[in-house]
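What follows is chain A paired twice: with chain B in the first complex and chain C in the second.
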Partner chain A sequence: MSNLSNKVQEVFNEPGCGTNQGKSEKERKKGCTKQLQPGAAAGGCAFDGAKIALQPITDVAHLVHGPTACEGNSWDNRGSKSSGPHLYRTSFTTDINEHDVVFGGEKHLYRSIKEIIEKYNPPAVFVYQTCVPAMIGDDIESVCKAASQKFGKPVIPVNSPGFVGPKNLGNKLAGEAMLDYVIGTEEPEFTTPYDINIIGEYNLSGELWQVKPLLDELGIRILACISGDARYHQVASSHRARAAMMVCSKAMINIARKMEERYSIPFFEGSFYGVSDMSESLRGIAKLLVGRGAPEELIGRTEAVVTREEARAWQRLAPYREHLQGKRVLLITGGVKSWSVVAALQEVGLEIVGTSVKKSTKEDKERIKEIMGDDAHMIDDMTPREMYKVLKEARADIMLSGGRTQFVALKAKMPWLDINQERHHAYAGYEGMVDLVHEIDKSLRNPVWEQVRRPAPWEQTVPAGGRAVRAA
Partner chain B sequence: MAKVLISKKACTVNPLKMSQPVGGALAFMGVKGCMPMLHGSQGCTSFGLVLFVRHFREAIPLQTTAMSEVATVLGGLENVEQAVLNIAKRAKPDLIGICSTGVTETKGDDIDGFIKLIRAKHPELDQVALVYVSTPDFKGAFQDGWARAVDRMVETFVEPPAPGSPRRRSLNVLPGCHLTPGDLEELRDIIEAFGLEPLFLPDLSGSLDGHIPDEFTPTTLGGISLAEIRGMGLSLASIAIGEQMRGAAITLEHKTGVPYVVFDRLTGLAPNDELMAFLSRVSGMPVPNKYRRQRSQLVDAMLDGHFFFGGKKIAIGAEPDLLWAIASCLTEMGSQVTAAVTTTASPLLERVPAEEVLIGDLEDLENRAANADLLVTHSHGRQAAARLRIPFYRLGLPTFDRLGAGHQVTVGYRGTRDLIFAIGNLFMAAAHEPTPSTWLPLEPQPEQLVQLGGA
Partner chain C sequence: MSQNAEHVLDHFELFRGPEYKEMLAKKREQFEDPVPATEVERIREWTKTPEYREKNFGREALTINPAKACQPLGAVFAAAGFERTLPFVHGSQGCVAYYRSHFSRHFKEPTSCVSSSMTEDAAVFGGQNNMIDGLANAYNLYKPKMISVSTTCMAEVIGDDLNAFIKNSKEKGSVPLDFDVPFAHTPAFVGSHVTGYDNVMKGILEHFWDGKAGTVPKTERVPNESINFIGGFDGYTVGNLREVKRLLTLMGVEHTILADNSDTWDTPTDGEFRMYDGGTTLEEAANSVHAKATISMQEFCTEKTLNYISGRGQQVAAFNHPVGVAGTDKLLMEISRITGKPIPDSITKERGRLVDAIGDSSAHIHGKKFAIYGDPDLTLGLAGFLMELGAEPVHILSTNGGKLWEQRVKTLLASSPFGANCHAYAGKDLWHMRSLLFTEPVDFLIGNTYGKYLERDTGTPLIRIGFPIFDRHHHHRYPIWGYQGGLNVLVWILDKIFDEIDRSTNVPSKTDFSFDIIR
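What follows is the complex of A and B.
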């Protein structure tokens, strides 16, 4: 346990995090997240966060050591896509019982690893710790070490039981597991001056594939994406990349920073959401690669692609302006970086009446202020009741948010669009931005809204020979 | 009949089972003005919440005591107290239903004791009912958590009738967790047609049937009220649907003297005949024409459908009561249950019409379904069905990749009729078109030639 709490402290001490550096020693010790409020909390646990971060590695067997709740209630619920293996969608859990709780679950875990290797022979097994075995003192590190030696195969402990903190902490602890046990343990077959890592991109709904064709065109190779559509071998040999892009700022900053420290891989923080952000990201990649010795001409080729793609995107977005001009959006988002989407939505005439900044960094907030001008638009933590009110009173025309708040909008009979991890549409890159605007347009123009808002016949009085009017 | 086996594997692959606390929480969701809460780390609640949101496509009231590592070790009194106060303030519920989880059970938190302390300290909470049910994740399964929560509610709320108080023309219905909101609506219609008022505990048809409330409600949107639960002791009788509800029915009888009948299933012709006879007897009314007509329609559907069901091999993965209901009905149509996998122990299992019933997972089901004509289980069976390339009928919770899971009806004459149509249509769609080579004789094997020559 002391090992784990050291790890948690280390993650809280992340020097790459600006917010953290602004804190006093004491505040830092308390950790980087708000204390959870019993009876008023929402959101996943640290185990959830660790699993989200690593499960997109497609050829690995992901084994959850815990009672049925942790895996049985939640498996196969995310849309991370694979271009090859599908083992990551097979669910493995020790499903510990009362006997294990009393006598310890280590042997049960060991036998489970053995069965997986015998039946499925994956390149690696990841073992996720959960609260109950952590509580009874199951030492997953030792079990994994013993299993690795016995079976001659990497068995990686991911020590992030739910009760150590929220999802975001779990993302980082997952990153630590990769740094400690995976990254740098294998070598790529060959390297090129154009090898990059993309860190914190999960290929939800195949979003990586909206970006990859442009990288391919530029001759830039994704040595490893951590972790969308990744293979174990790619992550293990990712230390040979020339440069890295960090996509989701808060999730895996520790991986990017420590890889810079250990392997001198420079990184920048970028986003694939929004037209200008996508361009900046392509430029950022090219710049870092050239800085590491790639031929200078990459910059010029990148500019040409950016110019071409931007023109094409704006041209495709233009027709939507007519319908979307002046429509008001309530943007409640976690992972998708608000400000970059905001700029693109404004570009097609949408008005942002509010955006949540719960997971945005200080710099993000500055950017939002720059773009939207008004501080009042920023909402730190909106309750569902308030969202409902805004929509019911028609102070917004559509809400973009995650699945949890979907029904707040729908029950108010207002359009809603999923922009969270469970979403079924891909919104990355130039393609994705056009798709997002297309989806908003499709949703707003659906004739269903007019239908569902019609009062029921018993809610209206019909004067003789006259038209129906709404009863008082 | 069936041999009941327990999987010997160390590693569960593709779980069929979900955990007790979420089953308990769902039972609380059938009570009006309720906020269910899991006493555990916030992930326990988050996973349960997402599970139900995906299945019902509804907002789900479910809270957490958000236990941290330190709180878990020191004990959760403070967290339970804070959570109850926060919920009472924000959501103003009539009832907070508390389920324990694996982690707080491992610690051994005495929640009934906590509730006493909280009550003593906070008289302002007197208007909020608090019910606690012990549901460790590492024991039992979803249906056990549901059954225990209902039993606790009966024990806590139902009042023994005052001596000499007149019976009301109401009927208590204790539905198992395998019944959908649509099933409950169907039963409501049936029972009301006999002039009886049904009291469902829990009543998901009031809360999770997918309706549009006039106002935003942080608690459940409907369901049975606490006042109605208290009055269940005045009903003429209770019916438990599913073996899992026998315990709650017995508790109710002990407390109030209301007699009970267990219907182990309401899918199929014979069990619904029994239901009709029972309702007619209790109400003193003849079976309404509507249901005589529906019975006739079901018989006709069975005649039309039996061509497609006869001889079909079916693999089913479901919790015990649902497995029993569906396996029995399909067997009565001439199909054969060649693989049956379930989640937890039940006295029903050895009666299931199959050679073996395995308490196991979807990997076991997939391995046993290689020669099946149909796979029946919840949505997590989709990957197995795709690999096996056989038709897949989604049944049970969670059904997250189809619309209308809450309105899938498999009870009553009409529900059984529609189930026969739905599955029969899958068989029809999967029927193989003959080709010129379909009836080509196989190459005779050498030993067959010898035999033929000898004959």
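What follows is the complex of A and C.
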């Protein structure tokens, strides 16, 4: 455990994190996340965070060491897409029992790894620690080491049992596992001056594929995406990239920063959501690559693509502006960066009446203020009951949020659109923005919203917040 | 040979063997003077074109794959809803065998029904003797409490007079003089099964209310607080009528279901064969004249019946097979208005649950295009519900729909922006629908079992809602009326949508990149 505690402390000390740097020494020691409040509703655990961060690596066997529940509840639940192998969607668990709890589960784990290698022969096995084996003292690092040596195959321990903290911490611990055991262990077949890493992008609903054609056109190669649609070999050889873009700063900042430290790979933070953010990201990638020695002309080519794509996107968005102008949006997001979505929605004339900042950094909040003005309605950590109240008072036309708040929205009679990981539409890039606006437009026009806001016709009173939307 | 006595192959396997394949191919080549495969393909493709559609819609005489049944079927349906009532069809026995098998295949229950078994001599000399013998035998063999007489074409063509025949039969002692034998003329060459339902319902009410064919005095109507409820010809009658009874009971409304066949076609397996079960009692049928009002769930099944009832002084209200939130709202409010009983909170809650379910899933249905065919009222009810979900009906077809139906559909479509691109096709058949599906494709087709040929031909996924449903079991046990029923229809539609998404993403390493657990 001491090893793990050190790791957790190290992650808490992340110098790349603005929030962390703003704290006093004493505060920093306490850790970067709020203590969980017993009895209050909470999000996912560190195990979940680690699993969702790495599960998108598609050719790896992801083995969860623990009782059936941990894998049972996280099996294939994210919609991160693969362009090739599907092994990552097969559920592997040691499914430990009472005997293991009494006598230790290490042998059980070792035999499970052996069977995976015999039956599937994947390029690597990732072993995820969970609460119960962590508490009984199963040393997964040693087991993985022994298995690696015995089978001549990377067996990577991901030591992030649920009890160490929340999901976000798990994301980072997963990043640490990559840094400690994977990145830099293999070499790419060849390199180019145009090789980049994309960090913190999970290819949910295939969003990476909305961006990739543009990079392809510019001749920019994604050496590794960590971790969306990735192969083990790509992650292992990602240290040869010339530059990196970090997509979701909260989740994997440690990877980006440490790769800069260790391998001198410069990175910038960008977003694929929204027309101007997408353009900025392309420019950012080009700029970093040129800074690392790629031919200067890349900048000009990038500008040409940006100009063309923006014009095309605006042309396709224009018809929606008419419908959407002045429609009010409430944004409750977790993983998706609020400010980038805010900017994107404002581009089509939507008015943002409030946005959640639960997972936003101080910088994020500054950006939101910049975009929305000082009276920005920022909503911090919120219980469903409060959210319900806000929704009823917000008098918004639609709420964009993750699946978990869907039901709160619906009960508060608020039109709702899923923009978190379980959504089925991809919203990245220029293409994705058009799709998002199309979906918002569709949702606003769905007759059920008129229906939910109307009381049963035999009931006289109109509830607070009951504002009719037009059917068309 | 592929067949041998040790191991006899069944039809699934037999003709797939190489011997048969080869033999059939040779037979075709050498003896069938085959048209070249390319020519067959060319014609097949041609039938998908707008040019062919025009010719198809130019058909004047021929009906191909009609989506309707005949009057006598509806007649038996209505008669079967009364207590210990034996539907007696005056005409040829083969027709009756059809009705029985039709209902049994749909409801998975036996259907009691007899005929007067008219033969050639009866056709020449009239069927009176068949009526006399038939009533006597039916009465003695099957011990009914009432015999409801309707007709087939055969009796109608020769013009048999049911009223006189029944009277004469009674005089000859076939059945006791005071035995109830209501009747209705139900020729198959007029209207459809919904017409037959209407005629028999009216016949039975007239019998009880207007003095039993002149044998007793006409009943003097003394209005009370009760209401009558008529479901109409409905494949979901088992689930629907039980649901209606539940709702009316929750509202505390005193009611009589006329032709309650919910138990008739849903008897338990407990060792006892029930030739008759449940049904509206004859006493209830007789007393229903005193009701304050009669509500019909299907306007086109009760045109004459409601006209008659309203002539007897009752309020009448007709609906078009309402499905979904707004449809059920209207129905319940009308019941509430007539009876003065409020709609209880428990029902308001059910309503909220349906709205909730629609909200949860609306994104998947929104903008999907549908073709619907079926009985006039059902198509109206379903179209209304689809638009409520944000779906777009595109083709609505009813073989037994007429001008008034077409008008009703147009009015309904005009009430929502989601109906803007939809057309009503009255009197058209499923071969017309085939052309529509090829030339103006939709995402889903809603119809009865016969839609499976269209599904195979055009690739349009079929959602089975209607009558008959022969190839899927037990859906008739679920209501599609009330908020609970709306939920069922919603789920059936969603199931098909999700099945289709899975089907189009389930080939390993080809399409399964989007084969997801969560939809």
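One rule holds for everything that comes next: the second predicted complex is superposed on the first by the 439 of 472 C-alpha atoms of A that agree within 3 Å, B and C clash if a C-alpha of one lies under 4 Å from a C-alpha of the other, contacts with A are read in each partner's own complex, and residues count from 1 in each chain.
Quick note on the criterion: a residue touches a chain if its C-beta (ideal position, glycine included) is under 8 Å from a C-beta of that chain, and two chains touch if they have at least 3 such contacts.
All values reported here derive from a predicted model rather than from experimental measurement.
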Larger residue footprint on chain A, choosing between chain B and chain C, goes to B
Looking at A:Trp314 after the superposition, I want to know if it touches chain B, chain C, both of them or none. Which is it: first, second, both, neither?
neither
Please indicate which partner A:Pro161 is in contact with in the superposed arrangement: first for chain B, second for chain C, both, or neither.
first
Is A:His424 touching anything from chain B or chain C once the two structures are fitted on A? First, second, both or neither.
second
Looking at the overlay, what does A:Lys411 touch: chain B (first), chain C (second), both, or neither?
both
Based on the superposed arrangement, let me know which partner A:Phe151 touches: chain B (first), chain C (second), both, or neither?
neither
State whether A:Gly206 touches chain B only (first), chain C only (second), both chains, or neither.
second
Kindly classify A:Arg445 by the partners it touches after superposition: chain B alone (first), chain C alone (second), both, or neither?
second
Could you tell me if A:Glu459 is touching chain B, chain C, both of them or neither one (first, second, both, neither)?
second
So, does A:Asp76 touch the first partner chain B, the second partner chain C, both, or neither?
both
For chain A, give the residues common to its interface with chain B and its interface with chain C.
75-77, 86, 406-407, 411, 422
Residues of chain A defined as touching chain B within the complex:
36-48, 63, 66-77, 86, 89-98, 100-101, 108, 111-116, 119, 131-132, 134-136, 161-166, 384-385, 388-389, 392, 403-404, 406-408, 411-413, 422
Of all residues in chain C, which touch chain A in the complex?
325-326, 329, 332-333, 336, 342-343, 348, 351-352, 355-356, 358-360, 362-363, 366-367, 387-390, 416-418, 508-509, 512-514, 516-519
Touching residues of chain A toward chain C in the complex: what are they?
75-77, 79, 81-83, 86, 206, 406-407, 410-411, 416-418, 422, 424, 439, 442-443, 445-449, 451-452, 456-459, 471-472
Chain B residues touching chain A - in the complex, by the definition given at the top:
9-15, 17-19, 21-22, 37, 40-51, 53-54, 57-59, 63-69, 71-73, 79-80, 82-87, 90, 101-103, 106-107, 136-139, 141, 212-213, 216, 218, 380, 383, 400
